[in-house]
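Report on the structure given below.
As written, the chains take the letters A, B, C and D, and residue 1 is the first residue of each chain.
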Amino acid sequence: MTAVLETIGLERRFGGLIATSNVALRLERGARHALIGPNGAGKTTLVNLLTGVLAPSAGRILLDGVDITTLRQDRRVRRGLVRTFQINQLFGDFTPLTTVGLAVSRRLGLDTQVWRRLGSRKAVVDGCVEVLERFGLLDVMNTKVATLPYGRQRLLEIATAIACGPRVLLLDEPAAGVPEAEREGILAGVAALPADVTVLLIEHDMDLVFRFAQRISVLVNGAILTEGTPSEIAADHRVRAVYLGSDHG
Amino acid sequence: MRAAAQAALADLGRWRWPEVAFWVAAWGSWLLLPEQHLLLNEVAILGLFALSLDLVLGFAGIISLGHAAFFGCGAYVAGILARLGWGDPVLGLLAAGLVAMGLGFVTSFLVLRGSDLTRLMVTLSVSLVLFEVANRMAWLTGGADGLQGMVVGPVLGWFAFDIFGSVAYAYSLVVLFGLFLVARRVMHSPFGLSVRAVKGNALRTAAIGIPVNGRLVAIYTMAAGYAGVAGGLLAQTTQFVSLDVIAFHRSADVMLTLVLGGVGYLYGGLIGALVFKWAQSWLSDLTPEYWQFWIGLVFVALVVIGRERVFGWPAAVLRRIAR
Amino acid sequence: MLTILFDGIAYGMILFVLAVGLSVTLGLMNVVNLAHGAFAMAGGYVGVVLVNRLGVPYLAALPLAAVAAALIGVVLERTLYVHVYGKSHLDQVLFTIGLVFMASSAVSWALGSQQVFIELPGFLRQRFEVFGVSMGAYRLLVIGVCGALAVGLQVLLSRTRFGSRLRAAVDDPVVARGLGIEVGRIFLLTFALGSGLAGLGGALGAEILGLDPNFPLKFMVYFLIVVTVGGASSIFGPFLAALLLGVADVAGKYYLPAAGAFVIYSVMLVVLILRPQGLFAPRSGR
Amino acid sequence: MIRRSFMAALLAVPFVASAQAQQTVKIGLIVPMTGQSQSTGKQIDAAVRLYLQQHGDTVAGKKIEVVLRDDGGVADTTKRVAQELIVRDKVSVLAGFGLTPLAMATAPLAAQAKVPMVVMAAATSIITAQNPFIVRTSQVLPQPAAAMAQWAVENGIKSAVTLVTDYGPGIDAETWFAKRMKEGGAEVLASLRMPLASPDFAPFLQRAADAKPQAMFVFVPSGQGAAVARQFAERGLDKSGIRLIATGDVTDDDQLNGMGDVMLGVVNAGHYSAAHDSAVNKAFVGAFKAANPGMRPNFMAVAGYDGMHAIYQALVKTKGDTDGAALVEAMKGLSWESPRGPMMIDPQTRDVVHNLYIRKVERVDSELYNVEFATIPMMKDPAKP
């Protein structure tokens, strides 16, 4: 099996501060991989490096063996590297339908069409319905996003990413701030992802991580401390030591 | 559900009766208000100009206080062509739009970054620099005295501009309507949606694979073309171009016009132009010295009381009647 | 040529005092107050009435002009501006331009539309030769007053309780309220300060700039240049920007009279492209 | 061609019916009442109202109605307002025109509609050549410029620097001052042009002073003169042996009082002074001040006043006929005693012919005035053959 997403010696400095230090990650096709670490370990910085929001100070990023280190954000998405945000990034004026519709149009390469209406292609409509249905958003598809309850917005955040047709999906704390009752919907949506989609879950919530992940990497002070199966990680005394000081001790 | 989704998507670009009524009224005004053709011609031109600003400000979220750069560019192109003997209005307008688009494309790269204030000042500086250029190149533009000697031919070789402004208004209205239809169509396309998305959240837009800067460049260029055509219309229908077309007050006026009518729904500029020009003309007939005071009062009241509450009550009344 | 430099500094200083209030309202209170020039005009006309009609001594009229403009600021802040703090920038533009239109018309109605000046006392019309540089007493006064104001403002904002409270109120009004800071009052005082400075600038600068009903619109662009080039979050930035603008404008006109205002606008464009946050803004974190 | 005129006729049909049978003669007065040049508009408007008040609103059996419109000094507005006045208000005469571009924008329209255009402010020489319906009662910039140069040469000024605002009238002034100086054997050391919107004049004045001329010749539009003159004095140039000479625009009567004592002694050339010593002028100034407290008539006001006089006299000559060509024909060669002194409408060029006075700013009865001390009688526009 070849790696779908791979980083080699990835490094990012802010002035004298090293936020990401020599990170080597390797995700196989269809992997369910989790990245954990205490607050301030540099998880979000790493996601920003992977998605092209930030440029690395050193190192390389490979997607399907192709170097994408200098590729623009949107180009990476077109190659199938899609993310969600820890804090919802949505279009408040849109409806879930138009939000997903735009993402589906982009996936189908129709986003530069200036003359045809958004809904004039059957494929777009079908794509929208499919994604909205999977996340249970059909009943609110014509509601203004800004007025949706938070849990629904969180679902839309993920649904939008799915609508982009990811081959590698970076989920940045998908359950953050979601009330217990609405959490199941999110987990179900994530679990229902096609098996060939590679998922990197960045998460705080250990329950979620251990239910979901096949492999786990632990990030501490910007560097990978260790990597292994959930049981290996659970048994690792260094990981315990790191988390002892924090809320999961 | 699939049908419902399709219907909802199809509904996005559907003509609604107030829109139809608006355009019926616009065309009706040509027949019914012959005495107002000159003013209405200015309304149509300002409306097109404000529509152009709406594409940039209302849809893409780029605040511009220098939009007159493109308006003036178009006006000078149309004017200079007419002076050099290329007096065909349609070709002149086309040239005005294209040159303004070129200018828009080149300068669009300056407004990709920065806060509202920075963009405001960058666009303003561009227009001020162009103002100075037009002023310096007096051999071409006529400088501060204005461009003289334009000879504008009849529209399509048939309709000569008359002193009543009837041909002028019809011509401007046709151009406005045509370009409005294009803008409407484009703004309801996936491309248009992606431009709105950039304004809504640039971070997310990039995260679904849409090149943010590319979209901004594209819409800015298109809007510049619209402004250029508006400028060309003004030059052709008044058969005169002066530095006013590119002056700061022109940029400020169009911004006020658009904000008055409301941004981001295509009609704001048109309604704003109608209200602004009509109020200005009416008040300045009543009190040529102090009309600005009353216009100012309207602006202040509109914001302090709230636009929704001022414009909202006719809509509310209509709703009640309909019920 | 040092005389040109001297003139440019005086001109820049005037621009600073006129624009610094805008920098405060824009940078600290996030209100696009395009009517700022109207407060300067108000101060200027108060000076005209006091000195030319009522015979008040020039130096006494300056603080009175500032106080008058500040009072107008207070009244307008309480009655009108409070309603637009939460509105969009575009609404604020519409609102403040409306105020400018009203102010211009009102002045034209009450005091006529011809350009007026404040009569300078004799001692300010003298000239000195210092080390071969020819300097006017009036411009020396301008430099002195404005320089002192710049220092005073910097101290006020960085060293006093008022300054720290203002910064707290701007950073997070909710938290500031929780800490017992009266945000409304802080904003009111800040607004009054900004208007008062504009009023002083209007009275002090009338000799160079002239006063007419069109004043707020005529100088709006200059104020905006000072604020954007200087960065709208400190005193020092706009101060340097104003000096730079003043000297560049005067020197540009002297050495390249044919280029006119071209130099200024081009320089500003380049600055804004290279440093979108302003020339003297601290580099952003990260 | 046939089909075009057919279309035009078709479009024109609805408007023709009401154009007949007027007992009222409407005069469309278009001036800037707002914006940068608003003082020009206010002076002209006040003078026009004064004329109506003094001479009644009836002439040659017709009732005169003046329709005042503001154009804010913006050319396309001027043109549109003029067009509306012609089409909707059916005015017989257009008047006003505060700035050169405003007059230029309207000129083709007036020719097309055959409506006389009485220019009461704009002062670039070329305006009256734009069409045969333009008559001017203000001034032509080459007049004061040439007069000033003539006086300078005669009074031993051998070198000068010109300092003018960079637009049509300014360039006219620069050209004709320099021309007459050279003809008189004097030298123009430098010709500086200032942008129309120029808040600080100091650098231009400094540069002019550094050329060390005997005199500095200044033209700026009405309204900006005070700033230049004050800064001239503030720089100590008045004491450095450089004479400030100017066109009358700089020592505008409207503002002169507010400029202060620094203006005392400035020599300038102009066609009108509120202190002109004649019975006609005394009556005019007195009535003007009475009707407009706080204002003093300047050269803009007198141009408005004379413009109305030309229109009235033309109507008398045509016996109330408002045909444009007839009115213009009647205005040609008109001459009368204006508050400025004798004046005439040149029958060939339709431009103003009047005395040019060399004046000096002096204090008279606690007010500053331009006091005339030399006269160049009945000067035509030197720029026209």
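Heads up, the rule we're going with is that contacts are C-beta pairs under 8 Å (C-beta built on N, C-alpha and C of every residue); 3 or more make two chains touch, one makes a residue touch a chain.
This one's a predicted model, so the numbers in the text were calculated from it and none came from an experiment.
Colleague: Touching both chain B and chain C, which chains are there?
Modeller: Chains that touch both chain B and chain C, as defined above, are D.
Colleague: Can you name the chains that touch chain A as well as chain B?
Modeller: none
Colleague: Centre to centre, using CA atoms, which chain is the farthest one from chain B?
Modeller: A
Colleague: Using mean Cα positions, find the chain sitting nearest the overall protein centre.
Modeller: B
Colleague: How many angstrom between the C-alpha centroids of chain D and chain A?
Modeller: 73
Colleague: How many angstrom lie between the centres of chain A and chain C, each centre taken as the mean Cα position?
Modeller: Taking the average C-alpha coordinate of chain A and of chain C, the gap between them is 49 Å.
Colleague: Please compute the C-alpha centroid of chain B, do the same for chain D, then give the distance between them in whole Å.
Modeller: Measuring from centre to centre gives 36 Å for this pair.
Colleague: Counting only residues that touch at least two other chains, what does the list for chain B look like?
Modeller: 135, 249, 289, 291-292 - these are the residues of chain B that touch more than one other chain.
Colleague: Could you check chain D for residues that touch two or more other chains and list them?
Modeller: 34-35, 38, 42, 166, 195
Colleague: Touching two or more other chains, which residues of chain A qualify?
Modeller: In chain A, no residue touches at least two other chains, as defined above.
Colleague: Between the chains shown, work out who touches whom and classify the graph as line, ring, star, complete or other.
Modeller: other
Colleague: Could you list each pair of chains that touch, in label order?
Modeller: Contacting pairs: A-B, B-C, B-D, C-D.
Colleague: Of all residues in chain A, which touch chain B in the complex?
Modeller: Chain A reaches chain B through residues 51, 53, 72-75, 77-78, 82-83, 85, 89-95, 97-98, 101-103, 105-107, 110-120, 124-126, 128-129, 132-133, 138, 141-142, 160-161, 163-164.
Colleague: Which residues of chain B touch chain D once you look at their complex with the stated criterion?
Modeller: For chain B paired with chain D, touching residues are 34-35, 38-39, 41-42, 135, 143-146, 148, 154, 158-160, 162-167, 234, 238-240, 242-245, 249, 284-285, 288-289, 291-292.
Colleague: For the complex, which residues does chain C have touching chain B?
Modeller: 26, 32, 80, 83-84, 87, 89-95, 97-106, 108-109, 217, 221, 224-225, 227-228, 232, 260-262, 265-266, 268-269, 272-273, 276-277
Colleague: Can you list the chain D residues touching chain B in their complex?
Modeller: 3-4, 7-8, 11-12, 14-15, 33-35, 38, 41-42, 45, 68-70, 74-76, 79-80, 83-84, 86-88, 100-101, 104-105, 108-109, 112-113, 124, 130, 166-168, 195-196
Colleague: Using the touch definition from the top, list the residues of chain D that touch chain C in their complex.
Modeller: Counting only chain D, the residues touching chain C are 34-36, 38-39, 42, 166, 192-195, 197-200, 202-204, 206-207, 210, 223-224, 226-227, 230-231, 233-236, 254-255, 258-260, 262, 294-295.
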